[in-house]
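First chain written, first letter: the chains are A, B, C and D, and each begins at residue 1.
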Amino acid sequence: MNATSGRMDMLADGSPAQAHDRYQQVRAATTWLAAPLSAEDCQAQSMPDASPVKWHLAHSTWFFETFMLERYEPEFVPFDTSFRILFNSYYNSVGERHPRPQRGVLTRPSLDQVRAYRAHVDERMRAVIDRMAGRDAAFDNLLALGLNHEQQHQELILMDVKHLLWCNPLRPAYRRAAAPASKAAVDMRWIRVEGGVVDIGHAGQAFGFDNESPRHKVLLRPFELANRPVTQGEFRAFVEDGGYERPEFWLSLGWEAACDNGWKAPLYWEHLDGDWQVFTLGGRVPLVDEAPVCHLSYFEADAFARWSGARLPTEAEWEHAAQSGKPAPLEPNTLETGEFAPLPARAQAADPGTFLQLLGDVWEWTSSSYAPYPGFAPPAGAVGEYNGKFMCNQYVLRGGCFATPASHLRPSYRNFFPPGTQWQFAGVRLARDPAH
Amino acid sequence: MNATSGRMDMLADGSPAQAHDRYQQVRAATTWLAAPLSAEDCQAQSMPDASPVKWHLAHSTWFFETFMLERYEPEFVPFDTSFRILFNSYYNSVGERHPRPQRGVLTRPSLDQVRAYRAHVDERMRAVIDRMAGRDAAFDNLLALGLNHEQQHQELILMDVKHLLWCNPLRPAYRRAAAPASKAAVDMRWIRVEGGVVDIGHAGQAFGFDNESPRHKVLLRPFELANRPVTQGEFRAFVEDGGYERPEFWLSLGWEAACDNGWKAPLYWEHLDGDWQVFTLGGRVPLVDEAPVCHLSYFEADAFARWSGARLPTEAEWEHAAQSGKPAPLEPNTLETGEFAPLPARAQAADPGTFLQLLGDVWEWTSSSYAPYPGFAPPAGAVGEYNGKFMCNQYVLRGGCFATPASHLRPSYRNFFPPGTQWQFAGVRLARDPAH
Amino acid sequence: MNATSGRMDMLADGSPAQAHDRYQQVRAATTWLAAPLSAEDCQAQSMPDASPVKWHLAHSTWFFETFMLERYEPEFVPFDTSFRILFNSYYNSVGERHPRPQRGVLTRPSLDQVRAYRAHVDERMRAVIDRMAGRDAAFDNLLALGLNHEQQHQELILMDVKHLLWCNPLRPAYRRAAAPASKAAVDMRWIRVEGGVVDIGHAGQAFGFDNESPRHKVLLRPFELANRPVTQGEFRAFVEDGGYERPEFWLSLGWEAACDNGWKAPLYWEHLDGDWQVFTLGGRVPLVDEAPVCHLSYFEADAFARWSGARLPTEAEWEHAAQSGKPAPLEPNTLETGEFAPLPARAQAADPGTFLQLLGDVWEWTSSSYAPYPGFAPPAGAVGEYNGKFMCNQYVLRGGCFATPASHLRPSYRNFFPPGTQWQFAGVRLARDPAH
Amino acid sequence: MNATSGRMDMLADGSPAQAHDRYQQVRAATTWLAAPLSAEDCQAQSMPDASPVKWHLAHSTWFFETFMLERYEPEFVPFDTSFRILFNSYYNSVGERHPRPQRGVLTRPSLDQVRAYRAHVDERMRAVIDRMAGRDAAFDNLLALGLNHEQQHQELILMDVKHLLWCNPLRPAYRRAAAPASKAAVDMRWIRVEGGVVDIGHAGQAFGFDNESPRHKVLLRPFELANRPVTQGEFRAFVEDGGYERPEFWLSLGWEAACDNGWKAPLYWEHLDGDWQVFTLGGRVPLVDEAPVCHLSYFEADAFARWSGARLPTEAEWEHAAQSGKPAPLEPNTLETGEFAPLPARAQAADPGTFLQLLGDVWEWTSSSYAPYPGFAPPAGAVGEYNGKFMCNQYVLRGGCFATPASHLRPSYRNFFPPGTQWQFAGVRLARDPAH
């Protein structure tokens, strides 16, 4: 999803040794995510928006081969010339590509061959890293981009696998997990944030995607932001109040989407034997009232906010709050504890001015259309297609979710999806204008 | 397209006499627009986005009947109960409605019956105006809203008729017009505008739609804006440079739209016998190089800007420039001179710091997604559906076109369309960041 | 719908005077059908399968101009060159044509201009008939074809107008008619028909379409055919027995169509205030139990037959029965008595071996796929496209309906529609194999 | 594809030993077909018409479990209750089913689990066969049906795998095969067949599907049928004569299909470097002029026939010729010799009255719509859904192809597909009416 600027934090001293470590960690994490999956699981594509896991494994490797090996190997020969087309996602400058909705028919190369492709490129990347890392800023930047790119696909793997397994009436689990200990949710509180001219966008030398830059000033009015995301229990009240049958809460396009698709509740919710169940990566579980609601489209988040007498925050409000509002120390949910977890106990006693679960729980929809920051200039060449060309009819999400790699969790990170999509791990935190 | 705030300018003294005049002018203008059209022309619907002229004639009347007569007549009886459903556009609060793409099948009521409906409602409105105008602010506001609403439909009538006639291989004219005298275009110049915290949004007591409010402060960086819109000749150069075959200039969704719909040039352009012809309300005419290019989608405007090494202005930049940048006195094109006119001679000698053709030539796409202004609150009740629920996946246009009623031409007016639509009279004015 | 063979019956002596009479009668009947309709009614197209009445008026005229005037006028000049494209239905050999689903956007030429076109062609046809009729078999055949073609469009006009008016929630009437006097229906009886080698297809010198030829022998097994069509009351029993919810009665494609389109009863039936109403050309009326059920698709007719423990007849069975089975004298329903009429009283006392309502009540679906008869050869040239190229995925209907011109009512006439269409006036007569 | 009548030929003496042999042969053949395929290959579904190989493996097993074990095991417990839904193809009487276009998302159960399911059911079937075979006609018939059903899926596996591999731009082979030795084709000759009242339909005690019955009499006129199918070389001449650009040869629906889908040649043909290549199960090979053309839709077969001045045979003509016309001894192509083979040498010297390649080369389209034979009655219960409900908008093919199990090759066998499908192994043999 986007191109780099700045130096990589994770290569702090820029040494080849550190670059090797980092490369190896990221690549291994992807492999680990695919480990519970069979060759069949890795093959199937559940909808045009999603990709097969095998494709993710190959495409993230293709990225290194195409954008790094081809440039930095003096006698570059591709692993397989056909892969240039098969595993190109959307880079027009790189040439042709296999149509996205048809990725699921590519049974060849096999999963084993794709694993061999990964190993092969890793070996060649090691040689190139040895020679170049820390000696060439462009190289270091591309390496950082490639690794952050692969991390984005790690999250996509979990989104896509979850949707695939959901399409199976057996509702199989990706990994079984211990049920989280249930705890009372923290009360929802409004926290006032003063406005003014504030700085927004990526700062410092650490890695950031091109769409987070340039850092720039924005004028904000005072606003109030909720101390935590909306919970499943709160959203259930909206459902049970007829929220999905009352057009007055919905954007016109949202109402159309709800009618056309027969939405009655969030994706992955099922009403069985009189109770709500939620499908998770750990299988089907009862609704957990205190956990953040997840898998909302923008339309549903917006309708919920209107029903609540509130609104979505803008992305600038969100980022400013996250920078300034005493966020609680990060305690991200992990896959081991299930997909979502009740708010940790420490939070119960938290300072009333503290924002909870800002980073690493669920993505939070903002009301901001995804657009370039003032002065935005994508890098030259193919990597310039990373982000810029998608800045239309999408809305920004902030904060990261349990599936987001920890090093991506930062206030300036901009995720984005069309307003009708539901398969990303997205919830909502309410905002409002202060009563004067 | 939206609900009112503030008092009506056109009813400056608020007297019934003035309200009568204003009402009568606006209603007569609509009738005049339909005059050249046969019953058949008024019946047909050329696409789901467009409506039959007969439907416009009835719906604008329905608006007065439903939102004013029903409230202000003590013994209100509807002209025809079925019209409540047939001519409701999108007001969920008013109840059911006939599906939009099926408006063209409503051959009954006939055009004559719709004219009778107009006359009938006019007569009852006269009585109500007599009794209420100038004595009740809510009444005055609703009247202003109804009239401004009808004026918006006047422009829609011309858009929809043009598209309908275009769908006919005979390419018939709406009204024949004398060919405009051709003149050299003014050279394109960049005008620098300083940034800072500026005020944006509707000001004063005159009528404005709800989406123009509240007036609020925005922080702008310095920018440059072109002195005039892009011309047909300039856009032809883009076409002839392969602009429609080169994905590097296009947003991803725009490229998809161009491929799916086979776009090779703007809507209404035809390449015949080696030359470009343009279909206008006056029939098919040769391209006029010095006239503003029209009927661009957002995608085409954006691709052209990228090809030019420039960008679209934001709506705040545009409005600030229009407020502060010495706009030339209004000299709108009229239907008599054809749809578009070359730049008037007086402009040739104009001050280099003067913005030309800002208002009343062609709508100008901005890069701003259509969103509520900070603190926006739609009015209560059905008229609250006027604007707010459409604030998603649309982009703002500014300036008005030759078909926009003159009283709508103001810097704060926000028009909006989805990025792929082409049938509105929309062009583009370039912006860029200053070289430092 | 098809090309001619044999001489015209209606021009028995072949004299110009008789040809004039016949031409004038047919053309006047078309005009009469359009008389109750406004310009708006004649403009609209309610679905891609239907055409505007104005288009029918023009196309039937185009047929004479293109296939007769162009050939028989020495100095032929077309009325308007653009009409060649605008009003070509499907003749590839004649060149380009306006796309069928877009016929409703042709507001020009106006209805008045189309009427002028009709008058103009009529005048030129008179001159040509004077000169040629009775002197040239090819001419006489083409004239007969043109007139029979126009008669087919007369029935299409009523089908299309009915569908258009139905799409209007006002459910307006085409012509108001006196309610038919209700009478008890004749009991349904099975009539046995012996098989053997029988002759099928058009015989004699009278006009017939090419698809009715050649007459040929078919081997039939003994069968039983109902004495009358299925009634609305009988079909209501199927509906109320859950016929539309039970897949076991339906062809697989039929079940799909029923689910996809939400069929719950025949087209034009509405369940209002606990009772069934039917929309007719005379407006909405209560179901008449003894009248033949109408507007069934092939799928519904077939499902009903299966539910009844019977089947549809083949077209050869039907035609053989109609030739041999003592049909009652024709007493077609007329528009004056409403669209469908209860069985006439005389039938009550009828001979138990008499088939009732075979011709001119409702079209009756047969189980026969529309295919060429053995030895079928379409005529050379464009009129060869009349029938042959449609012989795929359509099913044959026999008998004619109240809207079919009387001179078309003959046992060999083959009508045909795709199995999912409902807007033709089609019912069903049951057949079955004799017990042992 | 259909339900049984008559006893099974392959169980001639009805002994359990023979039934075991037969069961084991058929089941092993299915396994053998899947052997060259990876778990990924068995997972993917290339289009809604096709199914994953894994699904075929499971569904054919489900058939035995549902229709035999459930009936004949006293203490039946299903292998997995969810399989009843997952692997039901289209039997409404059996209950719910997983939607066909979504079969490719069922990554669980895995291929290994499906293999275990096969083994498990095989073991239980062995016990039931031991107990019942030869002692109960209904049991024997169901067993025959189950085995013939599985054989039909063997052919579907090859069709579906071929289409899947074709969707991969790598065009991978299913099994590599030695190139067939090229030989000159036999000259095309017309063979006259006398008409009369002939018997059509399944005869004798051997197994036949329900749609082949009852045997009945048909009246045929004399006709001529080609001695062999149309070759690739002959079809290439049609392509190169502009056959795909000339509507005069096409049925109206066929022309639409050709335009909508951009057909320029048969499926699997590619024009590369100036020459035609054909994709086969053995990979991409050059066109073999003397081999039968394959993968024609009905529309293409019909257009070719018209271009040739001929027509398709009816199914009765085909079957009568196959019964009476001295067919050459069967020498079916095998997978080892590639998908299609030039005509064997022995044929060159053949009697001019001999029909060549009638059985086991390519399916041959007939002009007959798929319809029930007179007196057809599907068996009671769920297996009655096997064939009858598909008798609409499909056309009959005869003869079998190289992929058809040898025991299915008989003159009365009726295959059927919608006229626009291309992925079955279908060619064409010409027929014509004799010149008198």
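In this section, a contact is a pair of C-beta atoms (placed from the backbone, for glycine too) under 8 Å apart; a residue touches a chain by one contact, two chains touch by 3 or more.
A quick note: this is a predicted structure, and the numbers were derived from the prediction, not measured.
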| item | value |
| --- | --- |
| Most remote chain, CA-based centroid, reference being chain D | B |
| Whole-Å gap separating chain A and chain B, where each centre is the average of the chain's CA atoms | 38 |
| Computed distance of Cα centres, chain C from chain B, in Å | 47 |
| Cα-centroid distance, chain A relative to chain C, in whole angstrom | 60 |
| Multi-partner residues of chain B (each touching 2 or more other chains) | none |
| Pairwise touch network: line, ring, star, complete, or other | ring |
| Which pairs of chains touch, using the document's own definition | A-B, A-D, B-C, C-D |
| Residues of chain D defined as touching chain C within the complex | 90, 92-93, 197, 216-219, 221, 247-248, 250-255, 298-299, 367-369, 371-372, 374-375, 389-393, 419, 433 |
| Residue numbers on chain D that touch chain A, as the complex places them | 38-46, 54, 82, 85-86, 98, 102, 104-108, 110-111, 164-165, 167-170, 172 |
